[in-house]
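The two complexes that follow have chain A in common; it is paired with chain B in the first and with chain C in the second.
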Partner chain A sequence: MSRIALLAALIYILIIAGIGTLNGSVLTLALPLVIYLLAGLWRGPEKLELSAERTISSERIAPGEIITVSLTVTNHGETLNQVTFHDPLPDFLEIIEGSNNRIAKLPAHGSLSWSYSLRGRRGFHTFSGLYLQAEDNFGLVIKRKFLPTSGQVLVLPSVARVRRIVIQPRQTRVYSGVIPAHQGGTGIEFFGLRSYQMGDSPHHINWRASARGNSLYTNEYEQERVADVGIVLDGRSRINDFGDRSSIFDDSVLAAVAVSSALLAEGNRVGLLIYGDRARWTSPGFGKRQRERIMQNLALSKTGESQNFKSLFIPRRMFPTNSQIILISPLHEDDLPLLAQLRRSGYPLMVISPDPVTFEARRLGNSGSVQMAARIARLEREIMLRKLRGLGIQVVNWNTAMPFDQVARAALSRPVTFLRAMRSERGGRS
Partner chain B sequence: MTRFAIYVSIIAAAAVLAVGLGIQGHILPAVGVSLLGAAWAFAFRRNMLWVATPAFALFTIISASSIWAGVSPWLSMIGLISSLIVWDLTNFLQRLQAANESPLQIERTHFQQLGLVSGLSLLGVYTATRIRISLTFGGAAILAMLGIWGISALVYRLRRHEDEIDV
Partner chain C sequence: MTNIALTISIMLGTGLIARGWNLAGLDNFALWFIALGIIWLIAQYNHWGWFSAAALLAVILAACAGLWLGLHAGWLIAGSIFSLIAWDLTDFRHKKLTLPKHDLRGIEQRHIARLSFLALAGLIFATLLLLLRRQFTSDWGILLGVMAVNSFTQFIFGLRVK
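Up next is the complex of A and B:
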């Protein structure tokens, strides 16, 4: 029931009761209510003629960085006794100082300025405008208006610095880089021997091998080139989101930033596919510009659910044949067949999997039942990961309580064969 | 300031009506009104601001009923005006809370306006008690119809622009 309707109903009751009982005193009780109504009408807002302007100190910020939003509203019409302004903000932005709401009196042709500071987590927001509500002093006559303003803010994802990620794609591109190309030529690592040819540097002659034979032999080194890398970020709600609005997806985004930055820094051609409610594709590219494009797309990425992406989604046509594919996903048992199929098709596959079991168990507390459930879930997950490793897929099981750069340094900074050898040596020693 | 004024007005509304009823010997209704006032103050303390609307309607009806119970029209009027002030200030407080601030200038203007309305109402009551008009039932009925028509026209005018969103 609106306030005016309530007042009117009470006035009717008092008038009818007063007249019905011919009691002037009861009738008189309606007087304050009538005067109150009249005052509302007298001071009520008429036509709203306002404009708003917004300035934002920075439109592109890192998480936690503080920006200041300044607003100026100008009244081109009559005096407004009470105006409430509301500047809507998304969940990922948090106000540090000031307020996005304001209540004020706006004189005719006067203006009002205020500012507030905010910081945020990863995301993008367009400040489309300002909602205002003009009222009389008693809040009886209400007029609302939307004042459009321009402005946007992009909060980039957090960055974990990873120096090197070793990948071993089957095929490389022609440009020189740091990935062993399985071809002899100029490089650092020894690759093989071949007969000396005119023009070969005398420094590269293998004298020991030449002394055993009758002719000269030259050392060949493994060429190092750049490669095509496709990063797939899995944003399906059902495997990323948990109860009470917590999500492991932000950790996946962090890993995607670190991996793409490291690979781009080494000169590789990197593409990114994010899918959740819909697919977001960053076509492959090189360098800092590509990094910026990937960062922007990661800033916008959200989890979601779609009928198209019920199962794992890696469209092969988007990635050149034999290019390295890096899947970042908490993984689900049902995803195994597709990964196996992809591996059989010849794609070198790396899976970085933020561990959802540890993530959820950490939030649920330390009770006996939680520990037991977590143990069972962890065993199931370990079986799934072993199956994947058995298929020749490099799997990194990331406990998100540990910083990603630490995990990457331990598991991704050296070739898989080297790491396996280290592990077996350690096993042998023990 | 607003919160303090609300507490004072709740106490005033309940106390005035309870004293009026008590003087007339209606002890049980007087206790009932006091308890209602206490409940209203408690609900406000717990930030249950929606309670203000039914409480205001109830106090208006109690004020009108107290006149038939022989309570002085002045006491009834003060009770009604106090409950009107509480109802108004609660709504005002809600708006201030939504805006996350309480600018002194706006609060002051609001109190001035509210004071003006209360003053005019008391002046109206004073005038009404001084003027004596004898009316037949027919004349009173016509006046009532005119009053209802006038209020309806006013309400229609107020509500015409209510919730109209101008984009």
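Up next is the complex of A and C:
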């Protein structure tokens, strides 16, 4: 029951009772209620004729960067005694200074301006408009309206700088880059010898080999080219989200930013597939523009649960044959068959897996039962990761307590064979 | 400030109604109104917003019945006025949660000042009725004086905050 209806009902009851009992005192009792009602109605809002304008200091910001939102509301109609404005904001934006709500008296043809400062985490928000509520002094007559405004803000994901990520795809593109192409030509690393041909630089003649034989030999170097890389970001909520609204997905996004930035900086052609509530595909491309597209898509990405992606989803037709695929996922045991199938099809596969066990154990505390459960879960995960390594998949198990750039420098900055040799050498020494 | 004003209004609203019934020797009814006041205070503490509407209805009906029975009109009307204020403040307290913090003090001050004037206007009407009935007493005069002083104090504070 609205307040005005309750008040009107009470006044009617008192008037009828007063007339019915022919008692003037009962009628007098109605007077304070009537005064209250009239005081409210006297200066209540009639027609709402307002417009709003919004300016935002920057529409594209890094996480933690502060923006200022300025609002101006103009009243084109009669005086409004009490107007409350509310500018709705999503969870990922946090108010630093000022308020997104405002209450004021707006004179006829007057205007009101205010501003507030925001900062946020990764995400995208369109400021569609302001909600306003005009009312009388006692809140009896309430009128609501939505004032549309324009404006949007994109908070880009956090960036971890990774200098180099070594990948070894089976096939490279024709453009020169930094990935060994398994073909002789111009380059830095020694590849082999061939007979001297007219036009070869004398600097490349291998004099030692030529002295042993009867003819001249020229050094060949391994060509370095760019490659096609497909990054797949797993946003299934059932493996990313935990209780208490915590999620490991932001760490996965951070890894995706770092990996894609490093690979694009080396001149590779990179595409990105994000899937959670729906699939979001960034078609492969080169350079800074592609990095911007990827960053924007990562800013928009959310975890979700779609019926289509109950299991791992990597559409092969989206990635050129023999291109390098990098899967960023906390992983689930059910994903193993699909990864094995992908590997059998000839795709060089790298898995960067933010460790969900350590992530959740850190959140749950240090009790004995938590430690025991974490130990069991960690063993299960280790078995799963070993199976993947056994399939020839390069796996990076990332404890998210450590910065990604450190992990990437240790595990991704040199070829797998080199790292394996280093490990076996260390094992031999010990 | 709203919470203090709300508590005082509830205590005055139910207390004055109880006083009206008590003066006629109907102590049992007076005790019921005191009990209603206590429950109302508990309801406010627990933020049961709906209870104020029910309590206002109960107080108005009790005042109406009292007037019909010929009890002291002044206390009953005054009790109704303060219950009306308590009902308003319950809604205002709920609304206050959504208001911007920096505007809050002024809004609160002005709202309470408006309510004080409303209460004073209601009490003046009740005084006229009492004068007509020749029921004007010294304690009624004190109540009226206190409300007048309070209203003007609120008015001056309201102007300063503006």
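The rule we apply is simple: the second predicted complex is superposed on the first by the 416 of 430 C-alpha atoms of A that agree within 3 Å, B and C clash if a C-alpha of one lies under 4 Å from a C-alpha of the other, contacts with A are read in each partner's own complex, and residues count from 1 in each chain.
Simple rule for what comes next: contacts are C-beta pairs under 8 Å (C-beta built on N, C-alpha and C of every residue); 3 or more make two chains touch, one makes a residue touch a chain.
Not measured: the values here are computed from a predicted model.
Taken together through their common chain A, the two structures put chain B and chain C in a clash.
After overlaying the two complexes on the shared chain, residue contacts for A:81 are found with chain B alone; chain C is out of touch. Legend: residue contacts after superposition of the two complexes on their common chain; A:12 is shown touching chain B, with no touch to chain C. When the two complexes are overlaid on their common chain A, residue A:38 makes contact with chain B while staying clear of chain C. Touching more residues of chain A than its counterpart among chain B and chain C is B. In the superposition on chain A, A:25 makes contact with both chain B and chain C. In the superposition on chain A, A:137 contacts both chain B and chain C. Residues 1, 3, 6, 10, 13-14, 17, 21, 23-26, 28-29, 31-33, 35-36, 39, 84, 86, 99, 101-104, 137-139 of chain A touch chain B in one complex and chain C in the other. Within the complex formed with chain C, the chain A residues making contact are 1, 3, 6, 10, 13-14, 17, 21, 23-26, 28-29, 31-33, 35-36, 39, 84, 86, 99, 101-104, 137-139. Residues 53, 56-57, 60-61, 63-64, 67-68, 73, 76-77, 80-81, 84, 88, 91-92, 95-96, 98-101, 103, 105-106, 109-110, 113-114, 116-118, 120-121, 124-125, 128-129, 135, 137, 140-141, 143-144, 147-148, 151-152, 154-155, 157-159, 161-167 of chain B are the ones touching chain A in the complex.
Touching chain B in their complex are the following residues of chain A: 1-8, 10-19, 21-26, 28-41, 43-44, 48, 81-82, 84-86, 99, 101-105, 135, 137-146. Per the touch definition, chain C reaches chain A in the complex via residues 53, 56-57, 60-61, 63-64, 67-68, 73, 76-77, 80-81, 84, 88, 91-92, 95, 98-103, 107, 111, 114, 118, 121-122, 125-126, 129.
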